[in-house]
Amino acid sequence: MIGRWIGGALLAARLAAGVAEAQTFPNPLPIENAGTVTRLPTPYPDNWVFLDYLASPGLIDSKAELVNPDARYAKQVIGQFSASYYANILVGTARPEVYVAETFYSRGTRGTRTDVITLYDKETLSPRDEIVLPGAKRWVGVVQPNAFQFADHETLGLVYNFTPRSTVTVVNLVTRQVLNEVPLPGCAMIYPTGPRGFSSMCADGTMVSVQLDKEGAVATQNVTTAFNDLNDDPLFAAPGVIDGVSYFVSYKGKVHPVDLSGVAPRLLSTWSLVTDDEAKANWRPSGNQQIAGQLVGGAGRLYLLMQPNGKDGSHLEGGNQVWVLDVASHAKLATIMLKGQAQCIAVSGGEHPRLMATTLGASLQVYDAISGAPIASMPIASTGAETLIYPARP
Amino acid sequence: MSTIDRITEKLARGVANRTSRRGLFAWLGGTLAGAAAIPALPIERAQAAETTSNAPNPQDVGDASSCGYWRYCAIDGFLCDCCGGSVNACPPGTTMSPITWLGTCRNPTDGRNYIISYNDCCGKPACGRCLCSNEQGERPMARPQANNETVWCFGVPSQSYTCSTAIVVGVATERKQ
Amino acid sequence: MIGRWIGGALLAARLAAGVAEAQTFPNPLPIENAGTVTRLPTPYPDNWVFLDYLASPGLIDSKAELVNPDARYAKQVIGQFSASYYANILVGTARPEVYVAETFYSRGTRGTRTDVITLYDKETLSPRDEIVLPGAKRWVGVVQPNAFQFADHETLGLVYNFTPRSTVTVVNLVTRQVLNEVPLPGCAMIYPTGPRGFSSMCADGTMVSVQLDKEGAVATQNVTTAFNDLNDDPLFAAPGVIDGVSYFVSYKGKVHPVDLSGVAPRLLSTWSLVTDDEAKANWRPSGNQQIAGQLVGGAGRLYLLMQPNGKDGSHLEGGNQVWVLDVASHAKLATIMLKGQAQCIAVSGGEHPRLMATTLGASLQVYDAISGAPIASMPIASTGAETLIYPARP
Amino acid sequence: MSTIDRITEKLARGVANRTSRRGLFAWLGGTLAGAAAIPALPIERAQAAETTSNAPNPQDVGDASSCGYWRYCAIDGFLCDCCGGSVNACPPGTTMSPITWLGTCRNPTDGRNYIISYNDCCGKPACGRCLCSNEQGERPMARPQANNETVWCFGVPSQSYTCSTAIVVGVATERKQ
């Protein structure tokens, strides 16, 4: 009677049929524990990745997911956490933490704005702490890696602000303290530089860089010569980084390596990743996260999402092939054909590096980064294009 | 627990004069006392052994990330098995609500009808994966313990619904006609 | 040069071609004002409707939209506003206001929970005011009409709470004050009743009703006999309301009219909306908002979303046809075939009533509520099923 | 306005020593001084008459709720025309940001190139209708006035992005080779 009362749908006929079957299994299934919550192994395996969504499902209601890019787990995520309103994430390795620079309004879309860095524990994916960013001035826009960066071996977190005045908020992630706000007139974004500093790209085509002291104040400052042709062939905002060198690429495929390992940026020799014939066919890098740098078997490799017939305005469309380039010889080693049009790519580290791409069809495509062989295709939680990929062990 | 006990006791007192007390307790049976599990229920108690093994159980056949799995006959929401949890565990960083709704589902393999407790996991964004809308025995909020349109996140730090589990809490006894 | 500098893409060739064309139009287009914001006419036209989304795009980031269900405006909305976390809306006519019972967390999905009624101005769709609901106990679940209701000619707002203790918070919407919390043990939802009161459906099948005094305290209380068979044929939570009578329908198609115009509910004669043959074919009402009541040309009409082959568990699936019934004669006047499977329906008032249905294909289907002729099909902002429809002039 | 003036003045001073001041002012031209419109711009000033009529203009042909409309050559977001506003007005309850990004779009009907100011409307949820991603002349944030990936909601009560307008603010002068 109780069963009937609770479920409302117990049919006597079914029960009668069940008697025979029950004889095969003399005991019913055991009752199970409730209250169990999954925990994660740390450090994470090499191949896990975070997906940082622009709007999944909404801009305010967005999230990051941790996934195992293996065909067996195509329907599953490993875990997820909120990442609100154009949030950028940073995956730590010095401490088992993930950092989310995010924004809240007291009434969702209105009320008081609060910007914070939320610190998540990698094992439990629970918030460990929160650092409030003063002034409600965090730059908000389509998610991108260089709006939120580490410096000083992950001791510092740097947040790019735009109000439309450009500044950088300097946070000590260990003590959870806001240290300083560095003015950045006419420059944008953050590229970790030297022992304790960062560089930014400026409107006049130069790169400005600062080193910070222990209190986060500017200790030294340097400006490069102009090398970013914002009129005719601008550099994409995010570089591929290998061994302290940041490889910026231009809309038309010129590579500008900048050594950011020292106190001041050092501009290295440029080269073109397209041949003259390819340039004529307007083969160009394209996408939201169109470049990835990775050491593969000890050699520096750039992976570039490419499109043919590029033109003014096509630089964010993405493409369906990835070129693999050797940074020493500048040779194109391989072309990996993607299943579908991708706008973001990343390459994981370790012995079995994976090329990953998020496509317009809302899937994560996974390939062997060396052979180019396809490994998995997994649905992701967004039909939108702007889903950044961050290897969980950068 | 003490807060929840108090709340549910009050509720029990309030409802007792107009509805079956046994039914009410069945609903309260969906609460959990820590991990130690379910207090004495007015339903036939299944064997008390805990399931800790992940080995396939020939008596419990099905794909826990598919809406068609027998335990999900009255589930409405995202399957925790797709969200970083499992059929009976919550994803990292969430909290399992101790109060929930119940369904009665038939296990086609052993022919028994089990009481399934659909404990919601709470505190993260909605998982968004593996949405199922099964409604066997679902009832309006006048009978809350059978209502699956409610966000069952009570006694937890955040009521943000993430996903739903499906936990075997007992065997349904036969209806006395 | 400036144009080039700004746009970066001005081609001399195009400019040359443009000279000839410019001669046809000797003057360039005028520069335009910035800063204009649209305002709306009040009272709204009869045919406008609000769509209350469960999750569009997300549960927390959700919204309500005001739309003109006319084919000309298929791509447009008239306006929208936030409606956060299983929000229920109430459209006022006594004052030009819309009320949103909604919930916020200080950190999106976590932190401090705050429940409020937000009061929107119908002309500007800007918040006029906010009433904080104490205790963070508002019932949250799939959006439905009877979790938030008026009483006393829109002077009172009543909010259904569940913690899992059932109560009702009584708010004075004119003075913006919370008056009282009425305990509701074992009962649920809110059905406006009599001059200043409400009824609720109880677990034992009865309906309990209270009248409130000026301070929102319980003045009188009444309980009906049991009429809601929650075991075998429960009543859907939301009735169709015509002229003070609430028509509840059961999962299997029995109609239970309850006169809620007086101090105590009066149970009227029941009838079945299905014939014996239809009952055998399991024709049943189904959906999230499966019934609408409306005075059409002075006659009471019930519109019911119907499905064949209904069974245990199919009561929320919806259907692809709407039956039109006369409440006086109980006769089925018409069957309106819908384009697609709908889960919610509503009927607007006025001289040209419209039947509207939100379908699984994420569209709003609009029909002439008298002739059944299709009028429009408009995309809506949700692929989900749970999108309630509220006529903007109830 | 005074706050915004101060902010942009500071910005102007900061950037002036390393970039074209005229270009910077072009960007500031996207700001609005109330409804009275645009301050003196270093671009050819179009005729000052205000557009108040809703009658179709044979010189301005296109569907304002379609991504292909000529003014939208550098728009990235939801068209306000689909969201309760119009090509140059914000939806009810939002606020138009006075600071914005600019594009240069060619009007195919009169063959002229116009400076278009894509003022965002702010304070409501993202509209979600009529999403367009046109990117002519789009530049990284090193040149913010040409960056459309930024939420251009400044000097407004809420930065919640709702939709984007496309307002004619001037005619682009011919490039001197």
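First chain written, first letter: the chains are A, B, C and D, and each begins at residue 1.
To be clear about the criterion, a contact is a pair of C-beta atoms (placed from the backbone, for glycine too) under 8 Å apart; a residue touches a chain by one contact, two chains touch by 3 or more.
Note that this is a predicted model, so its numbers are computed, not measured.
> Which chain is most remote from chain A in terms of Cα centres?
If we average the C-alpha coordinates per chain, C ends up farthest from chain A.
> Where are there more C-beta contacts: B-C or C-D?
C-D
> Roughly how far is chain A from chain D, centre to centre by C-alpha average, rounded to an integer in Å?
Their C-alpha centroids are separated by 30 Å.
> Go ahead and note the Å separation of the Cα centroids belonging to chain C and chain D.
Here the centre of chain D sits 36 Å away from the centre of chain C.
> Just give me the whole-number Å value for how far the CA centre of chain B lies from that of chain D.
53
> Scan chain C for residues touching two or more other chains and write them down.
Each of 4-5, 8-9, 55, 57-62, 82, 108-110, 230, 312-313 in chain C touches at least two other chains.
> At which residue positions does chain D touch at least two other chains?
74, 124-126, 136-137, 139, in rising order.
> Taking the touch rule as given, give the residues of chain B at its contact with chain C in the complex, in rising order.
7-8, 10-11, 13-15, 18-19, 73-74, 99, 123-126, 133-144, 147, 149-151, 154, 157-161
> Using the touch definition up top, name the residues of chain B that touch chain A in the complex.
20, 22-23, 26-27, 32, 34-38, 42-43, 45-51, 57, 59-60, 65, 74, 81-86, 88-96, 98, 102-115, 117, 119, 121, 124-130, 136-137, 139, 145-146, 165, 167-177
> What part of chain C is in contact with chain D in the complex they form?
The touching residues are 1-10, 12, 14-15, 17-22, 24-25, 27-40, 56-57, 61-63, 66, 75-82, 120, 123-126, 379, 381.
> Looking at the complex, which residues from chain A come into contact with chain C?
Its residues touching chain C are 4-5, 8-9, 55, 57-62, 82, 84, 104, 106-110, 114, 116, 118, 127, 130, 231-232, 312-313.
> Give the list of chain C residues in touch with chain B in this complex.
Counting only chain C, the residues touching chain B are 55, 58-60, 86, 105, 108-111, 113, 139-142, 144, 162-166, 183, 185-189, 201-204, 206, 228, 230, 234-237, 312-317.
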